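Listed below are the structures to be examined.
You will see chain A twice below: alongside chain B first, and alongside chain C after that.
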Partner chain A sequence: MLQKLAILFAAFTVAICVEEKTGEIQGARLLISKQILNRYLVEGKDIEVRYSLHNIGKSPAVQVELKDNGFNSDAFEVVGGHLSTKFARIPPESNFTHVVVVRPNKYGYFNFSSAEVSYKVSDAPDAQTQVSYSSEPGEGGIVAFRDYDKKFSSHYWDWLAFALMTCPSLVIPLVLWYNSKSSYEKVSKPSKKN
Partner chain B sequence: MKYFFLFSLLVLPAVIFMVDNGNKMMAYADEDPIDEEEADVEGETEEGDLTATENEEDEDGPQSKASPDADTVLLFTKPNFQGASQLELVAGNPVEFLVGFRNKGPLDFVVDTIDASFRYPMDFNFFIQNFSAIGYNKIIKPSHEATFHYSFLPSEAFAGRPFGLNINLVYHDASGNSFQEAVFNETVQIIEIDEGFDGETFFLYVFLAAGVVLLLVIGQQTLLSVGKKRPAAKKAAPVETGTNNPNNVDYDWLPAQTLASLNKDKSPKSPKGGKPQSPRQRKAKRSTGSE
Partner chain C sequence: MADHFLFSVLLLVVFVGLISACTNPQVTSKSFTTQDATIVTHIGFISEFEVKCSSGDISSLYAELPDGSIIPAAVVGTNKYQVSWTEDTKTAAKGTHKIRIFEEDGYAALRKVLRGNEATSSVSEFFNISVVHPGAYSGPWLRSEFIAVIASLFVSYFAVTKKGKIVA
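The block that comes next holds the complex of A and B.
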């Protein structure tokens, strides 16, 4: 009797140990990265933000809800995409990418914080909901449009002014030359006919 | 009864392993918390600083362990790494990875920094390059998880050599215990990029082609000059100016028909006997001929 009990107990403990070891691997596990794709952040110009959700777990992540509260509406205007989305299901060993285009209204330093994602760790109806935070792009300086324009605009008006200003120095010698040429031709033509 | 003891011998370790999850029952070496000064030294080193960071004594110091309540995971996103073979990083291309951190315990965790370093593959205590320690200072509440992004650039000078890559995660819990975990500690191979277009070889071929063209031009020139020497001697013959050129006139400058008319006049008689032509007549003749 005691032996049987001991055997049962041994089997039970082994089973618990195995379950505990595999349990944490079996659930879905999302790694979320949030990246700013632009090199220059400019006031009034589009900024692309990419969210990549990698499921590295063994089961699919279900009811994935991504919400980014980092872009408040008075500083940013959403031009494309949505700041909160839902993915029904992210299978294991796969990834999803979500892109949002925002446009800053102000310049200055801005702290790009992380997005919040909640998902269920497996298909099971009683699966627990996991809250996850994406990576933070960190603080970025948004350049004023005036400063950006100084560096990178194509300077159409400047070149036009330059062309106008260089006109006299090109036109005056041309006129002088043309006058002398035409006067010379007036002299030389009758002499040729002789 | 004998069997019972045997079974208890089997059961007891299992029970210990089960209960062990957190508070240690077995003997273990107690380690001091990480030295603040050391962390600063690692944090301040720049990426470009290759030689100055080889401080060996720094590794001999104590290292704190990982917390049992933290579940960390690493994923390389830039060179796609499946984990089957040795990780290969391309020199000169940025490497990006994500570190996932899940809090399984009852206390808040604060992730402080992640830093990466290249080490000598034979001896991981020997630092070759330290990458910046990036401070995150992110609070992770119980049963929440967070992802951290880190990227670094292996120098092109390291191409073709194996390195020990060590990625270190430093965090502490709400009660002030600091932890450190090496989320990645393996030997990686730095490989050289094999791009399709190499500027050096391209200009080598351009230079070779230019050399070939130059040789062809030189060959053509020598062949032409060798071939032309004999006809040039004969060519002088048809212009029969004779040795007696009384006016010392270079007849090459005269138009063809003038020469012809001069020759016509000359041929029957001696050049001296020829009727002198007025320049005005000659000019008229030339203008009618050329226009």
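The block that comes next holds the complex of A and C.
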């Protein structure tokens, strides 16, 4: 009797193991990368954040929730897209991107942390919920707008101011010369005619 | 008895399908694109839209992007969705980009068409949205230093020729 029970128990555990193993292979598996698509991080200018979601599993990921708590509403303003989204279903072996554009209100170093994703690994009603995290872009320095402008602006106004400042030293001699030239011409012209 | 049961189940399925389908969708959309190509490496296209049905509910939505890829639309609120993608600043075309939105049925039809290597345009969409990209600023057309040099050359040429005439 005891032997039979032991065999039954062994068979049961093996069955569970097999089920878990197949579940692991067949279930959905999301890989998420978070990237900052900027050359420069500038205060008050766009910072483009791209989340790439890859489902490398064999089942669709269901009730996917993507949430990024890394952008504090005090320091960042969301100008395009949403930091907290849901996807009803991500098909197996597919990938796509989600884009959010934020603008920082402050300058200084900022640590871009990872986004959080939770999803059900299959369509089954008793499917387990998996929580995973995206990659971390890491620390980046946000430059003050004044410093950025000094380096990269078109400087049209600066040159216009320079031109205005150099005007007196150029225009005054020109006017003096022109006056004397035209007065000489007035004197010389009638004498030529006569 | 079994036939009766099957029939009623079928009827129920059809009935539920009829009820749940969204009819006469009213779509309001707004789009956002990054317009400063001097600081970003890719242009981000973001479209947010709200769908209101005169009756029924919306199943999950899928979007066909201009490059032909089909992605699930992100749910950002009740009946509010977001579709977004990026393109390289060099290849991103300005103007209106048309996005076709499909429901679950349309998506299934699309998958079938794609498996058969046929054109996806044969599948009719649920509705369309458009994303307008007015073009991105990629630095000044003429550098101010260049204009300043040209202006100073012009002034000095004028001065030197006039002086030459007086001296001669």
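Here is the rule we use: the second predicted complex is superposed on the first by the 169 of 194 C-alpha atoms of A that agree within 3 Å, B and C clash if a C-alpha of one lies under 4 Å from a C-alpha of the other, contacts with A are read in each partner's own complex, and residues count from 1 in each chain.
Note that a contact is a pair of C-beta atoms (placed from the backbone, for glycine too) under 8 Å apart; a residue touches a chain by one contact, two chains touch by 3 or more.
Since the model is a prediction, treat every value here as computed from it, not as a measurement.
Once chain A of one complex is fitted onto chain A of the other, the partner contacts of A:184 are absent, as it touches neither chain B nor chain C. Contacts of A:90 after superposition: chain C is touched, whereas chain B is not reached. Of the two partner chains placed by the overlay, only chain C lies in contact with A:80; chain B stays clear of it. Touch criterion met: A:163 reaches chain C, while chain B stays clear of it.
In the superposed model, C is the one of chain B and chain C that contacts more residues of chain A. Residue contacts after overlaying the shared chain place A:39 against chain C, while chain B stays out of touching range. In the superposition on chain A, contact is made by A:134 with chain B only, not with chain C.
Looking at the shared chain after the overlay, A:31 reaches chain B, while chain C stays out of its contact range. Of the two partner chains placed around the shared chain by superposition, chain C is the only one that A:101 touches, whereas chain B remains out of contact. Common to the chain B and chain C contact sets on chain A is no residue at all.
Listing the residues of chain A that touch chain B in their complex gives 2-3, 6-7, 9-10, 13-14, 16-17, 20, 24, 29-35, 52, 54, 56, 114, 130-137. Considering their complex, residues 32-34, 36, 38-42, 44-46, 48, 59-60, 69, 71-72, 74-76, 82, 84-86, 140, 143-145, 147-148, 151, 155, 162 of chain C touch chain A. Within the complex, the chain B residues that touch chain A are 3-4, 7-8, 10-11, 14-15, 17-18, 71, 73, 75, 77, 98, 100, 102, 136, 138, 140, 143-149. Across the complex, chain C is touched by residues 37-42, 45-46, 48, 50, 66, 79-82, 84-91, 96-101, 152, 154-156, 158-159, 162-163, 170, 177 of chain A.
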